[in-house]
Each structure stands twice: as structure tokens, then as C-alpha cells.
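Once you scroll down, you'll see the structures, which are given as C-alpha cells.
Two complexes follow with chain A in common, the first pairing it with chain B and the second with chain C.
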Partner chain A sequence: MQLGAYRPGSSLVHRAPLGLKSAAVVLGSVAMLAAAHPLATGAGALLTVLAYAGAGLLRELLLPVRLMWPVLLVLGGFQLWQAGPWTAVTVIGNIFVCVLAARLLVLTVPMPRLLDGVVGLVRPLRVLGADPERFGLALALMLRSVPYLLGSSADVRDSAKARGLERNPRALAVPVVIRAVAYAQQTGDALAARGIGEPDRD
Partner chain B sequence: MTVQFRAVEVRAPDADPGDAPILHPFSLDLSESRIAVIGANGSGKSTLLRLVNGLLLPTSGRVSVDGADTARRGPLVRRRVGFVFTDPLSQLVMATGRDDVELSLRRSIRSADERRAAAERALERFGLLGLADRSIYDLSGGERQLMALAAVLATDPAILVADEPSTLLDLRNTARLRTILAALPQQVIYTTHDLEFAADADRVLVVDAGRIVQDGPPGECIAAYRQLAAGKPTRQRAE
Partner chain C sequence: MPTDPDPAATSLSGTSLSGTSPSGLPGHREAEPGANDGGRRGSPRPRWGAADLSYIAVFAALIAAFSLIPGIPLAAGVPITLQTLAVILTGMVLGPARGAAAAGLYVAAGLAGLPVFSGFTSGIGVLARPSAGYLLSFPLAALLVGLLVRVLLSRIRRARFAVLFTAGLGTSFLVVHPLGIAGLMLNAKLSFPAALTADIAFWPGDVLKNLAAAAVAVSVFAAFPKLAPAAKPRPKQAHGS
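This part shows the complex of A and B:
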């Protein structure tokens, strides 16, 4: 399952500079969240869908819906109960539009460019002791880990089902956690073996 | 390049003094072009390999690569020694092969354009350019292993260490991997359960229960390993 992998293309959205796309996502999201109004959410959603259409990635809109609907349903139900239908629509809509917008950025920028961008953005923090390369690497690893963990959860669900344990929360949760820890350890080993994240000097 | 092990012993970090070590004390010089390490599961083969690039440090003793101590000069050693894991999915940390090769090159090539060009050359060398932008999850096991190899060799290490690189591969991909490894200019140290693959080496080490019990030419060592696997005693390697 590819939640955050680059989709090659030559559309205007693909070719737009990373800085411009990032600024549009951040400023657009902040404005929409600050307005906290269904109309602002609708406008944000429309612009995001147009951007996906411009990038030729309309089909990609479906995957986050498939992945997020249980969380959105619970949150939406809570908001509906506590604050009424308009607030529920606004909160759920805002979360969803922000996720879609951020995802479009990842889908239209190759990972090495995204890494360069993050490293460049964090570079001024070097005076405070931050390591921009590590910061960028952490972000890249986070994006890479999402499909792994989703796939791992699906495997565990299938294994539990095969043993008739699909309703046992322990049989579902424990292997996922163990696999996640093992994956983190393997990734750490792989990075260490390649000297990635190590200081330039010996 | 020579990898030197001097009075090296490896114990589990939480082991009691009475527990058997993972690797019993040994000394060794590895300078041959192709070195295979064979032995049963859990015998200590992978531990031995992980010592070579400092992924694991010995409990006592010293490991050095061309004079550079793995404990003191880890980053330098890891630039000289590339490491390929059994499961390429554990090794490929980026979403696509191209991204992963570029990640390997980040430290050595600062310019993004030059890095991209170098990554393309590394992928082309293994005939992987057409698969460069595919998700690593959409690649076959053989393609993934070659991608992992390309990512490691992109930085041009002097030594390639490969921990059971053919275990997850079918016959055709194993043959392809063997051909590629045989043609590399690098010194290659690998573990394997495939005795034909082990026979490609100039020198073979047989590891059993944490001890190097045989060390020599492939024919002799493979025969000794067969005896060992059949439960017959084998000649102990002289220290």
C-alpha cells in the first residue's frame, strides 16, 4: 500500500517549485483552520481536488478515505454529539483536506528532493545543535514506515483469522507491536551498516 | 584489503559469566578475494560478519579493516565495508530503489543533480534503471536483492559483506547474484547455506557453535561441513 510514494509526472503541479507547493499547503491549511467555517472547508476541499486533477492524480483521493474512515467516523460522531453537525463537518473536513493537501506534496515531489527541502529548511537550526540531515532522514523514514506498518497489520489480521482469533485483541495487537519494534531495529541496523546518519569525520 | 581479528570474543550483553559465548575467542586474517562462511543456523556466522563493518563490536579483542579499528574508526570502516542483509526489505529504507541509492550517496555527493546522475549509473550497472521508480514492495525478491546490492555498491566500498544474500532467492536469481558477485572488483565475504555458492569462494570458514572449526579451500571445508551436519566429528581448526 503506497500512502506516500512519489508518482512521476510532468504536470504543472509536479513541476511547481517545492517551496511554492509547501507554502501553499501550509498557508492554505492554516487559513482554513483559522476560519473554522464550513465554507472555508469547502473552498479548501475544492482547491485540493482541483490540484489533484491538475496533477492527474484524482484516483489517489480514494486511498486516504479508505484508511482514515474509522478515525473520521469516531471523531465525527463525537463532534456531532458535542457541538452539532456544522462543527462536525468542519472539523472532519479540515482534517481530511489537510491530509490530502500534504499527501499531494509527497506524491508530486521525489523523496530525495523532499529530503533536500527539509534539510534546507532546518539548516538554520544548526546553530542550536540540530542536525538537518538527521531531521530529513527521520521524515523520510516515517513516510517509508507507514506502508510497512499497514502491510504488517494486514498480515497479522490474516494470521489471526486463519487461527480463528480475529476477535482477540491481544492476538491482533501484540504481533503488530513486536513487528514494529523489530522493523525499527532492522532499519537502525540497515542505516548503521551503511553509515547513514553518522558524522562525516571518523 | 585485510580484515584482522585478534583474540576476538563475542558474548551476549546480558550473558552470565558461565554462559557460552556467541563466538569463542579466535584470531584470523581475511585477505582473499572471495571468502565464504558456512555453518548451521545460530552457529555464529552472521555475528562474525557483523564484526567486519563494526555493526557489532567484540566483547574483547580487536577487529580491524586495513588497520582501521572497527571500534575506534567506525565511520571510516563503514565507508570501506558495504553490508548486504538477507532480507532486502530490511535494508531498503526508502520507498523506491532510486531514492535508496540516492540516500547512500548523500554523504559523498552534495549536489542533487550529480547525486541523481550517479544513482542512475549505479542502477544501470545492474540493469535496474527500468525499476528505479517502482515501489520496493512491487519488486520481486530477486529485484529487491539486486536493488539492495546496487544501493550498497553505489558508494564503491572496498569490501562487500553479504549475510546469506541468496537465502530468499529462487534458483535463477541465485545464479544471477552469484554471477554478479563473481564479477565484482571488491573483496567479498559472505555467509550462505548454498554449498555450491560457497564453492565459488577462494577460502571457506566453517562455523559451529561459536567456533571456527574448519578454515581452508572450499572442497575440504565443504566436505568437513557435510560431516558435521551428519553428526560426525571434524578436525578442529588450529588457532
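This part shows the complex of A and C:
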């Protein structure tokens, strides 16, 4: 399983700090959505394509388009019929530009840096009782469990198919979930035995 | 906004291994809240131990795995994914607080860029997609179904399957579908009737998934009686699966 869509590079877009890039994506997207005007959508599209070109990742523009076009075609046709061409262009364009702009973050920042960024976002919430260290630990544990559970799902699916039960959600889900609970209990015991992840006592 | 990672503490491996846990004694197990909620009553916020943290992380991973595996082909040829089944099941099995934390961790990890959303997509871009409302409803759905199951199962001893199914279906229609419709209206600029029509397409699959979630929860409670809310598994029900 390929973890993350990171495309290594040394362009200006790659080297820009994560905080700056995410602020640009979020604020730019919000401004474009608030304007709700075809010109704003056009400007957003232009900026996004320029950023992709700057990162040398123009080919990456195609994948989200390939994944999303059936839904957006239906939606665009419906909006064209209901509200006219400008609304259709704005709605579809806004969705595409937001998705593509956000994907540039995943493409140009390595996964561990992104996760560190999220843990960093939790840090100011410490006054409210949040615990960034344990949040980071939970993220790391989750990351480690996904491949195990995907493998377990594939095994169970094969054996269900052998019994002709591949269309029975219960036969597919029960063994995976039982194994997941057992796995969680073992992991919890292993952490507790090492004193990791216990709450601060004050 | 995230800034450059602080070299002092934020590296994930550093967090997990050199974390600031004061209870570093080996064999420090007696205070572990474990699977029952008993130890947390009366404290202002839940104090989760390693076991709770592990449940939350593994069930977040379970939602991810069930979002990523290919859907089950139904008779009509339309595949249904097990994603919402996993969310409802998480709330049923872990209870409201840990269930909501697991679903929230899943959403947060996906928004941060882990490819855990269906089709291996990720990042904050999903918030602009028409389906964003369904995704954001997951933590609330796990919370509500956990609450309903805890309240109902502590009063009703019989017909656990029916109780679990009712709680799951009720949560779907009180939380998941309204927020999903709101997302369709906001992101796809659909009118309410149009959004409702699009949403109705998911109803038959939703009923099936809640039936399956209730059946799986019954099996999990039979296999791990400590996780069951009623805490008094009767021998008759222990063979229920």
C-alpha cells in the first residue's frame, strides 16, 4: 500500500514552509467560495495551475479529474438546467479548484511533516485540556494498524469467497472486527506495560 | 496554521517513545480504566489510559480499512462500501466518548493527508467535495449511536439485535443524512428537494449496513463480554452468534 501521494522535488513550492502553504490554500479557497463569481473561480484556477507548474507537477492535475468527473458531470448538467451556465461553471470550478489546491499540499509535503503539522495544530488547544503528545501517539498507532487491518480484511474476504459468502457483509466484517478488538487489547497491554500513553497524574 | 515542526517533541517516533509519561514504572497497570466506563465517572473529562488510546487508534484504523477495501457487489451491481458500517459499529462497541474520538481521529488523519478516505483520497480538499457532509457527520454519529446504545441496553435486556439496529438506523437518519444533505446543498449548491433526492439513493444500502452493524456488534459483545454495555452477559445470549 502506497502511503501518501508525496512527489519529491526541490522547487520553490516544495520548499515553502507548510504553514505558509496551508494558509494560502485555506484562505484562497475560502475567498474564492465567498466570492461565488466565475471570475474568482477563474483566478483561483489560474493560480492553482501556476502553482502546479511551479512544482513541476502538471501531470498530477489529471488524477483528481479522472476520479471526480462522473459525479461532477451529473452535477454540472443539473446546475446548467436549473440555474444556467454561469452557476454551473462556478459550482463545478470551485469544487475542482479547492480539491486540486489542497492536493498540492499532500503532493509537496512528506507525510511525517504533515502529521507533525496536525499535532502542532493541537498544541494551542492544550489550555482546553488537549494533549498533543497523546494525540500524536494515537495517530502513530492508527497509522501502524491500517496495513494490519487491510491484510486481515483481504484474508477474510478470500475465505468468505471460498464459502460463497462474498456478498454477506456480516461474514466479511465479523472476523475482521473481532481480530481488531484483540489487536487493540494486545497493543493497549503492551503500551501500559511500558508506561506509554497513560494520562498525566496531577 | 501549522508552522514548521518543533524539533523538540513533534516527531511521531519521538512522541511515541520518548513521550512525557510520568508513570514510567513497569507493571503500572492497576489504574488502567480498561474497557468499562466505571473509573471515569465524576471526573470532569475522561482520563483515557493506554487501553482506551489503543482502542481509539485501532478503531480509527478500522474505519480507514473499511473505507479503502472495495465495496461489496450487491445483486443490482451497485457496490456498497463498509465505511458507515464501521463508523456506527465503532460507536456501538466503544461507547460515545471513545467512539467519537476514534471517528474524529479518522477524519483528522484524512484531512491531514493520510490516504484513508475512499479511493485513497486525502487532504482538506475533501471538504469542498459534495460528499463532505457525510464525512464530517461521522464523529457525531459515533457519539449519538454510542449514547443510544448505552442508554437503551442498560434498560432493555432482550432483543439486543433489534435495539442495536434501531439505534444505528436512528443515528443514520438523525445525524448522517441531515448533515450529508447539508453538504450537498452547500458544496454542490443543490436545492433541498434535489439534495434529498440524491440522498435517498443511499437509504436501501444504509438499512442493510445498519443490519450488518448490529449483527457484528452482537458478535463482538459475545466474544468480548467486557465491552458490552449491560455488563451482565447471560449464558443464553453468549451463544447468540
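Methods note: the second predicted complex is superposed on the first by the 121 of 202 C-alpha atoms of A that agree within 3 Å, B and C clash if a C-alpha of one lies under 4 Å from a C-alpha of the other, contacts with A are read in each partner's own complex, and residues count from 1 in each chain.
Definition applied: contacts are C-beta pairs under 8 Å (C-beta built on N, C-alpha and C of every residue); 3 or more make two chains touch, one makes a residue touch a chain.
A quick note: this is a predicted structure, and the numbers were derived from the prediction, not measured.
Using the contact criterion defined above for the overlaid structures, shared-chain residue A:133 touches chain B and also reaches chain C. Legend: residue contacts after superposition of the two complexes on their common chain; A:79 is shown touching chain C, with no touch to chain B.
When both complexes are overlaid on chain A, the residue A:41 reaches neither chain B nor chain C.
In the overlay built on the shared chain, the residue A:8 is in contact with chain B alone; chain C does not reach it. Using the contact criterion defined above for the overlaid structures, shared-chain residue A:111 touches chain B and also reaches chain C. In the superposed model, A:198 lies in contact with both chain B and chain C. One of chain B and chain C touches more residues of chain A, and that partner is C. Within the superposed three-chain model, A:167 lies in touch with chain C and out of touch with chain B [touch as defined at top].
Shared contact residues on chain A (touching chain B in one structure, chain C in the other): 2, 4-5, 111-113, 115-116, 133, 137, 140-141, 143, 183, 187, 189, 191-196, 198-201.
Listing the residues of chain C that touch chain A in their complex gives 1-6, 9-13, 15-17, 19-29, 31-32, 45, 47-62, 64-66, 68-69, 72-75, 80, 82, 85, 89, 93, 105-106, 108-109, 111-116, 119-130, 187-191, 194, 208-209, 212, 215-216, 219-220, 223-224, 227, 241. The touching residues of chain A, when paired with chain B in their complex, are 1-2, 4-6, 8, 110-113, 115-116, 133, 137, 140-141, 143-144, 147, 151, 183, 186-187, 189-196, 198-202. Chain A meets chain C in the complex at residues 2-5, 17-19, 22-23, 25-26, 29, 33, 64, 67-68, 71, 75, 78-79, 82-83, 87, 91, 94-95, 98-103, 105-106, 109, 111-121, 129, 132-134, 136-143, 145-146, 148-150, 152-154, 157, 166-167, 169-170, 172-174, 176-178, 180-181, 183-185, 187-189, 191-201. Of all the residues in chain B, the ones that touch chain A in their complex are 53, 55, 68, 73-76, 78-79, 82-83, 85, 87, 90-96, 98-99, 102-104, 106-107, 112, 115-116, 133, 135, 137, 151-152, 155.
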